[in-house]
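Shared between the two complexes below is chain A, which has chain B as its partner in the first and chain C in the second.
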Partner chain A sequence: MGLREVLLAVFAFGALAFALAVVSTRNTVYAALEFVAHLLCLAALYCLLDAPLLGVLQVMVYAGAIMVLFLFAVMMLDIQETGRESAFQGPGQVAGALLLAALLFALLVFGADRFPAAALAPAAAPGAPGVGADNVVRVARALFERGALVFEAVGVLLLTAVVAVMVMAKRRLEN
Partner chain B sequence: MTPAPLPLVPPPAFRLGAFLWKLVLTPGAALSGTVAPALRAALGPHLPPAGVEAVLALLCFVAMSGFVTVTALVLTLAERKVAAFFQNRKGPNRVGPWGLLQPIADVVKLLQKEDTVPRAADRPVFLLAPFMAMAATYMVLAVLPFDRGLAVTDLDLGVLYITAVSGLGVLSILMAGWASANKYSLLGGLRSAAQIVSYELSPALVVLSVVLFSGTLSVQGIVERQAAGWNLWAMGPMGVVGMLIYLTAGTAEINRAPFDLPEAESELTAGYHTEYSGMRFSMFQLAEFMNMFVVAALTATLFLGGWQPLGPLAALHIPGYLWFFGKSGAMVFVIMWFRWTFPRVRVDQLMTLEWKILLPLSFLNLIGVALWTALGMK
Partner chain C sequence: MFGVGFFLALAFALFAVGAFGVLTRRDPLVMFMCIEMMFNSGNLALVALSRYLGLASGHALVFFVVAVAAAEVAVGLGIIIAIFRTEKDVNVDHLSELKG
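Now for the complex of A and B:
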């Protein structure tokens, strides 16, 4: 068992444990911090699975920007006192959650068998030098060659959303 | 039967001397070419491959810790001496010759201070926050290129990685501000979050323009591409503008004066670290000093050629790390110079500067660099 497998196991269990902590913690700020930890574990998993670009973008966009704004809002509102009751209410909810988790797990286990192995094979040897740079080139090709139209359309959509937010915020200020 | 020729092996003392000489001139080649293979060969039979890599990573961590300690000591003294220089006084001059041992005395003072936690504070988060600050700083240090081949690691996505992990430091400030259960700390933390999230944008765009020009995301690659000319002038007018934007926004991102609103002592006592004392306070201080060094070093790496010598001076064969530290030191001096030249800005001025001046300027700069590169001006 190489370092890679050990780290994969550590971060996979870390991601699971933090995800469970997010939904079971009462304190909102704790939940947000645990969510950051969960996102960092996911980023480490992406890096270990030869998708370093995805891992780095995950840290940059989610852990570094979105979660910071989220924490900002949670801390400013100071909603510690609201979530006093436990996240899980009654045995029915727990049983339902466990059942759903088991179903999803079974789906993953049996689904993974059917998946064509060729689609999962990495382009280069895992962990080989240059995989990261190649990763950027391949993502760029997918985005700007095959998906250029969709990419531009999403860009216009986001720009529209930003302008719309500014118009709405401005109107509220004037009233 | 001819006698076997005498093996031409130099005596051990000579080999040690040659190795040390190599270590001084090209530490990157000496460490990655001689020391690392020797360690791998020595540890290989005793440990699984994962263990060998873990030991090497641990050694890198120990070496970086030593580097952090020395840099922080030098920077605390430099900060006080530079402040004294600008205010026309002597600065620390009692402990040791010219006050050189002052940082050691400071460390001893901080070490023996009581480590207090306010009763109303959220204990786990309060205790964790300083470590988070240190962790974010260490993660950036991992890809800092000190010399050719001299870095903990050279990631293919190096520049992107730096942009990503340097954004994590703000989490520690938010955690400290909230966990202190103190309105001044909370305000400091919230101000810091707004400031850092805003000031992440224009440095990222400037870094993007350098990447566009260099054609690589690797930090070492960007330095290698500056062998013919530093980006400062190789990129034309965009190099100068880009460097000014990067240095200004970098100073704001590390919360230093004149952008030190999260700890503005005249309004917020000491902002997010008001309630911290002793070692935990000094960890925040250490992270702040190291972040200043990182911003200075990255400015030197992205625009001033990193460890590359200055054109004709290459003939002097000055080791690359001396160039790196010289350029970084000059940038640290400029950042300290800012502090004693500009009065602290207001929150609205801070936001105006980023969103209405620096951000549009860095977009224009990016377009300029794209045209410059497309027209083949490199």
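Now for the complex of A and C:
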């Protein structure tokens, strides 16, 4: 077992463990910090899976920008007020959700298992360099050649989100 | 051991954990984090399959998913804060404003 396998095992276990910690922690701030750790584990997994660009993007956008937004919201909301009663729904609902989540997992595994293997045959030639070689160039080609229209649409989406948040904030000021 | 199946299984497990969190937690912020977790499990599956198939288009798709998630978080947290400003309470069970 080489170093890569050890790292993969550590970060895969870390991602799952921190995910469970997020779901089970009562304190919202702790949950947010555990979620950051979960995201960093995923970023490390991306780097080990020949996707260094996405690993960096994950750290910058998710663990950086999005989580700062989350912690900012935690700061704006008074957690003391929500922390009094149980952080979870009733026991019946938890049991039902557990059953549903287990069913979902089984369904996904079943579906992936039944997926025709022929459709998943590697597209690249066996000896060709992996997706990690010239990763940035290849992702840029995929983004701006085949996905150029989607890229523009994402830009419009982000602009719409910014305008929507500004409208919500402005209405609050008028009141 | 670390074939594409391992990472798909991990992604499915993370998706199930996220779905469980959305269904059981009362705090909307933690529910949001669980939704992000489900986004991320999809991303992990895409990255693993990209590596297995030797295609970079999966990475481009992950890029789009991250952008959509960022937009969703910005709007969602804005809504949560706006609700908190008027209700002084963010327990999702107590919110019945949109009830018909």
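Before moving on, here are some points about what is shown:
To be clear about the criterion, the second predicted complex is superposed on the first by the 112 of 175 C-alpha atoms of A that agree within 3 Å, B and C clash if a C-alpha of one lies under 4 Å from a C-alpha of the other, contacts with A are read in each partner's own complex, and residues count from 1 in each chain.
In the analysis below, contacts are C-beta pairs under 8 Å (C-beta built on N, C-alpha and C of every residue); 3 or more make two chains touch, one makes a residue touch a chain.
Predicted model only: the values in this text are computed from it and were never measured.
In the superposition on chain A, contact of A:53 is made with both chain B and chain C. By the touch criterion defined above, A:42 reaches chain C but does not reach chain B.
Of the two partner chains placed around the shared chain by superposition, neither chain B nor chain C is touched by A:10.
After overlaying the two complexes on the shared chain, residue contacts for A:161 are found with chain C alone; chain B is out of touch.
By the touch criterion stated above, A:69 is placed in contact with chain B and with chain C alike.
In the superposition on chain A, the chain among chain B and chain C reaching more residues of chain A is C. Of the two partner chains placed by the overlay, neither chain B nor chain C lies in contact with A:21.
For the contact definition in use here, the residues of chain A common to its chain B contact set and its chain C contact set are 53, 57, 65, 69, 72, 76, 130-132, 135. Those residues of chain A that touch chain C in the complex are listed here as 5, 8-9, 12, 15-16, 19-20, 22-23, 28, 31-32, 35, 38-39, 42, 45-46, 49-51, 53-54, 57-58, 61-62, 65-66, 69-70, 72-74, 76-77, 81-82, 85-89, 93-94, 96-98, 100-102, 104-105, 108-109, 112, 120, 122-124, 128, 130-132, 135, 138-139, 141-143, 146-147, 150-151, 154, 157-158, 160-162, 164-165, 168-169, 171-172. By the touch criterion stated above, chain B contacts chain A in their complex at residues 48-50, 53-54, 122, 125, 155-157, 160-161, 163-165, 167-168, 170-171, 174-175, 177-178, 186, 189-190, 193-194, 196-197, 200, 216-218. For chain A in complex with chain B, the touching residues are 1-4, 6, 29-30, 33, 36, 52-53, 56-57, 59-60, 63-65, 67-69, 71-72, 75-76, 129-133, 135-136. Interface residues of chain C, counted against chain A in their complex, comprise 1-2, 5-10, 12-21, 23-27, 29-30, 32-34, 36-37, 40, 43-44, 47-57, 59-60, 62-64, 66-75, 77-82, 84-85, 88-91, 93.
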